[in-house]
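Consider the two complexes below, in which chain A is the common component and chain B and chain C are the respective partners.
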Partner chain A sequence: MFRVSANTIEVKYDKKIILKDLLLHIPDKSISTIIGPNGCGKSTLLKALTKILPYSKGQILLDGQALNSYKTKELAKKMALLPQSQITPAQITVRELVAYGRYPHQGNFGILSSQDREIIDWAISKTKLNDVENATVDSLSGGQRQRVWIALALAQQTDIIYLDEPTTYLDLAHQLELMKFLKQLNEEENRTIVMVLHDLNLAARFSDYMISMNSGQIIKAGTVEEVMTTTNLKHVFQIDAVISKDPYTGKPICLSYNTSL
Partner chain B sequence: MTTWHKWRTIILLFLGSLASIILAISLGAKDISFMTMWTSIFHFDANNNLHQIIYEIRLPRVLGAAFVGMAFAVAGSIIQAVTRNSLADIGILGINGGAVLFVTICFAFYPAISYGWLTFFSFVGATLSTILVFSIGLVARGNLSPLTFTIAGAVIAAFLHAISSGIAIFFDLNRDLAFWYAGGVAGVTWGQLPIFITIVIIAVFVAILLGKQLTIIGAGQEMASSLGINIRFLLFSSMGLVVLLGGAGVAVAGSISFVGLIIPHVARKFVGHDYRWIIPASALLGSTLVVMADLLARIIFAPKELALGILIAFIGVPFFLIVAKKMEGI
Partner chain C sequence: MAPKRRNSLLLYILVTLLLVFLTFLFSINLGSYHLSLLEVANTLVGHGSDNSILVLFEYRLPRILIALVGGAGIAVAGSLLQSYTGNHLADTGLLGLHAGASFGLIIFMSFFSQSFLYAEMLIPFFAFIGGILAAILIVYLAKSKNRTINTNKLILIGIAVSALFNAITLFLSLRLSDETYSFAASWLLGNIWARDWIHVSIILPWVAIFSLLAYRLAHPLNLLQVGDEFAQTTGISVKYIKNNALLLAVLLSSGSVAMVGNISFLGLLAPHLARQLVGSDYRLTLPLSAILGSIILLLSDTIGRSLFEANPIPAGIFVAFIGGPYFIFLLLKNNRSV
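After this line comes the complex of A and B, so read on.
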């Protein structure tokens, strides 16, 4: 079953066609990663799937219903998005920002119920932010700040979570910690996770499904083993990649690469 | 800051605003006691000279000042929320520029125009210039980014002011227009107040209802959209409110700048970053500021009066520089 699918969609940005005839199915309850060179339309695809950008042709379906027929607030109960760059409102505390995640479930005036408070508590402890919950978000480290945005998405309580390059600005250890956390969410709570990643090895290690893109189209989508091949990476990135086996996980890794001639 | 703290702040600000109104009614060329004021409002005696001063001169002027302050302050808060620019004011939508242009045209081609029609046309000018800024913002990028707004607004405002100045010089209108440039509430009449006060109260109430959405858009349009906020609806409705508040304020009192710029910052100091609280706090602080400034304008060099807009600018400019300096530090 695919809850999310895109059928030959076209997406424009400033009248320029970014995605054309794009066909995609996102497997449920799994981790899917979109890879591809800069400017290939990865972020645009994520924005189209979350109704931030409209599509001009084709159809995106969510639970068998056209995405553009949903009200924005209904959609926000089904899917959360962590954008590529976040804007932290000045002087906001961790708890206040995480509470934003409850907005789709509240009345328009946004008064928190006791159930909302419990869910916020849960999201904060799940992301291990208890010690800093009353600190301002500005005062946190990069790794902690990223966890606050994840906590916000968790408080939104959606089955599907989209993340646009969530590991940017994080060091190696924090990247790994974040990915393990997402894997845990996926395994323990059956959340469908879709993300854009630049790090191929991180993508290969944690994904169930990989989508490789170039020039607004999908080059190959499938299991990690199907996508992480020398031939495919040459197609997508114009590189000659040396693919080996990760000694820890047994997954394919890109050992080294060179510009393809 | 707990909810209880915020409620207490709002109540204190309300009492402060009320006190400023009472003070402004009682002080002036003739000082009037609180008792006289009370009886003039609740047991009006048409033969009592003091009662007449209060009813005919002071009350409309002070109420005008209070609601003009409220209108500009709340309009400024809304603009700062949607553009995420803490140096934004209603001038950014060309509201002042549009109003002044229409008033200039009226004076140029129909000098005998009544005050009521002038008010009406200045409101029309404010609305049209806002629509112009809005559509340029939309056409330019196909979406509504804070930056497009700011640029389109600045360009249109400069353009409208240039045309007004040209017409004013050609028809030699600078004396007639002085009031609209400097701003003031001395000419407010009972005829204008009921509709003006109704517009302001309704718009402020709706703005408070949009408060949560205005707060969340502070985390960016993408984030707000993925949290279920209809960005287009929010932008259009909040711009509608700004036109109503700013347009009505300019129509009644001319272009008083800086209220909409300063007050939201002061309000944030009192109640934090949540617009459900910033908007009522701005409304009360704005009314207090303009009422007190108008009182000072009347009494500092009595019997001569200072121009209200200029007095507020005197307070506003140093404040603006401090805010700009602080933002640099971030």
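After this line comes the complex of A and C, so read on.
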């Protein structure tokens, strides 16, 4: 039940080895979250899994086939990515930007078929952007803008969606709203969701599978209960964490923490 | 907003094509040999005097066509280069591609121009070799360790490479003959020197073919605007598209400037105006940039040769007269928003 797996991969960035002998299986139709300190290689791992960065050793498999043997357009039908930062083209409307997600399914000139239009409609209503679909993306709030990029990824109609720190510029309420939306997407549409998150408690609340990393290697990957332990967090973040139970969800929660001595 | 924009698109195309036609009429009517509009019309439909036929078909028409086609080529090249660098201030002249092309051109003029009857057909190829040399040098020097291109560095290196190639061109031309030197010097000012049908017959298919190839990149270039990583995961082969954009920018700009002289700022001005009018969709801005480039260059050339009859002013000077201040305006606006 693993469509995506990395077998002892090595990834270099400018001759420096960032990921070393990394072994990973992403469970299908679930939410997986990668956590770890700054510079541990989380984003690099996401870039390797999405073929943005090449790997120099080992193999990443997608549906039993080497990732680097896929054509870019074929890959874009199987996986979508929401990168950490995006550039909004000037004056572009929500609908026009979401339509870019249809690129892997289109001819060269981006002419929309009626099926394309239906899927764009669906992506827009799914992300509750109907009211602003003809507004320019510049004019939207941060939370709405993040939903536009997600709608673009949805319009790609991929089974797998990667997100790199999707909650970064959002306030508490919007963070929660986004995570609930991803959960719904996972439950109702069986999408496999893989993301990098900084907020441990959000990760613990919404993940089925957690991957903790440090220095380019996976320290522990498993269920939330297996990863959110004092020993593991000490190992990964060099912190002494107080782990308790979330009264709303029953999931482990990090109440407070201190620098580990 | 989108439907409104779509409707106005047709209007823009009609209005700009009408503008091209008016500029054409304006230009064909003006010159040291005075022709009335009626005479022009009569001549165009085949009822002209020997003199008006000579003036119109041998002097004005080829020159007008070269200005229109060259202007379009430079504008499309500018658009492509802006996409390649991810910077709306990029211009094929500022980045040194024109200087590279001039080097190729001067080599041709010095050693091959008399080699056979239709040797002038080779001009765009020589200019292209010069242009691609400059492009390779600039891109190689501007690449940082992690293989990304720093835009500020690119522009500074472009200026340096530009100075280097211009120096070589002037040095070579000075060594060769007074004639070559005055040709090179007036070329640098943006003088439309190519005025014969043979030049039309080579520049027209050159710009037409490469502009059509560039149009195939229009939609991928749209997606590139959202960032390389995002474009990659939406199915764009980023490297392939970018390299093609650069190659076509060099082909179009070298071929065009070889004929119309060193026209700077046009590749910046035309795409910018196009974006102001129809937004950021390359499928719309590429053709509109081409039309605007044509109009601006033809107008500049017409004004330069008709208002200052005794000592015509090169078109490049008029383009720079508008383009220079516009560039400064954009620079200031850009600084404020960052």
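Criterion: the second predicted complex is superposed on the first by the 261 of 261 C-alpha atoms of A that agree within 3 Å, B and C clash if a C-alpha of one lies under 4 Å from a C-alpha of the other, contacts with A are read in each partner's own complex, and residues count from 1 in each chain.
One rule holds for everything that comes next: a contact is a pair of C-beta atoms (placed from the backbone, for glycine too) under 8 Å apart; a residue touches a chain by one contact, two chains touch by 3 or more.
A quick note: this is a predicted structure, and the numbers were derived from the prediction, not measured.
Q: Answer with first, second, both or neither: which of chain B and chain C does A:F109 touch in the superposed model?
A: both
Q: Would you sort A:T88 into first (chain B), second (chain C), both or neither based on which partner it touches?
A: both
Q: Now for A:Q217: first (chain B), second (chain C), both, or neither, which partner does it touch?
A: neither
Q: Check the residue A:T230 against both partner chains and state whether it touches chain B (first), chain C (second), both, or neither.
A: Neither chain B nor chain C is touched by A:T230.
Q: Could you pull out which residues of chain A sit against chain B in one structure and against chain C in the other?
A: The answer is residues 14, 47, 50-52, 72-73, 75-77, 79-81, 83, 86-92, 97, 100-101, 103-104, 108-110, 156 of chain A.
Q: Spell out the residues on chain C that touch chain A in their complex, using ranges where they run on.
A: 1-3, 145-146, 216, 218-220, 222-223, 225-227, 229-230, 232-237, 275, 279-281, 283
Q: Give every residue of chain A touching chain B within the complex, in rising order.
A: 14-15, 47, 50-52, 71-77, 79-81, 83, 86-92, 97, 100-101, 103-104, 108-110, 156
Q: Under the touch definition given earlier, write down the residues of chain B that touch chain A in their complex.
A: Its residues touching chain A are 84, 141-142, 209, 211-213, 215-216, 218-220, 222-223, 225-230, 272-273, 276, 330.
Q: Where on chain A does chain C make contact in their complex?
A: Contact set of chain A toward chain C: 13-14, 47, 50-52, 72-73, 75-77, 79-81, 83, 85-93, 95-97, 100-101, 103-104, 108-110, 134-136, 152, 156, 162.
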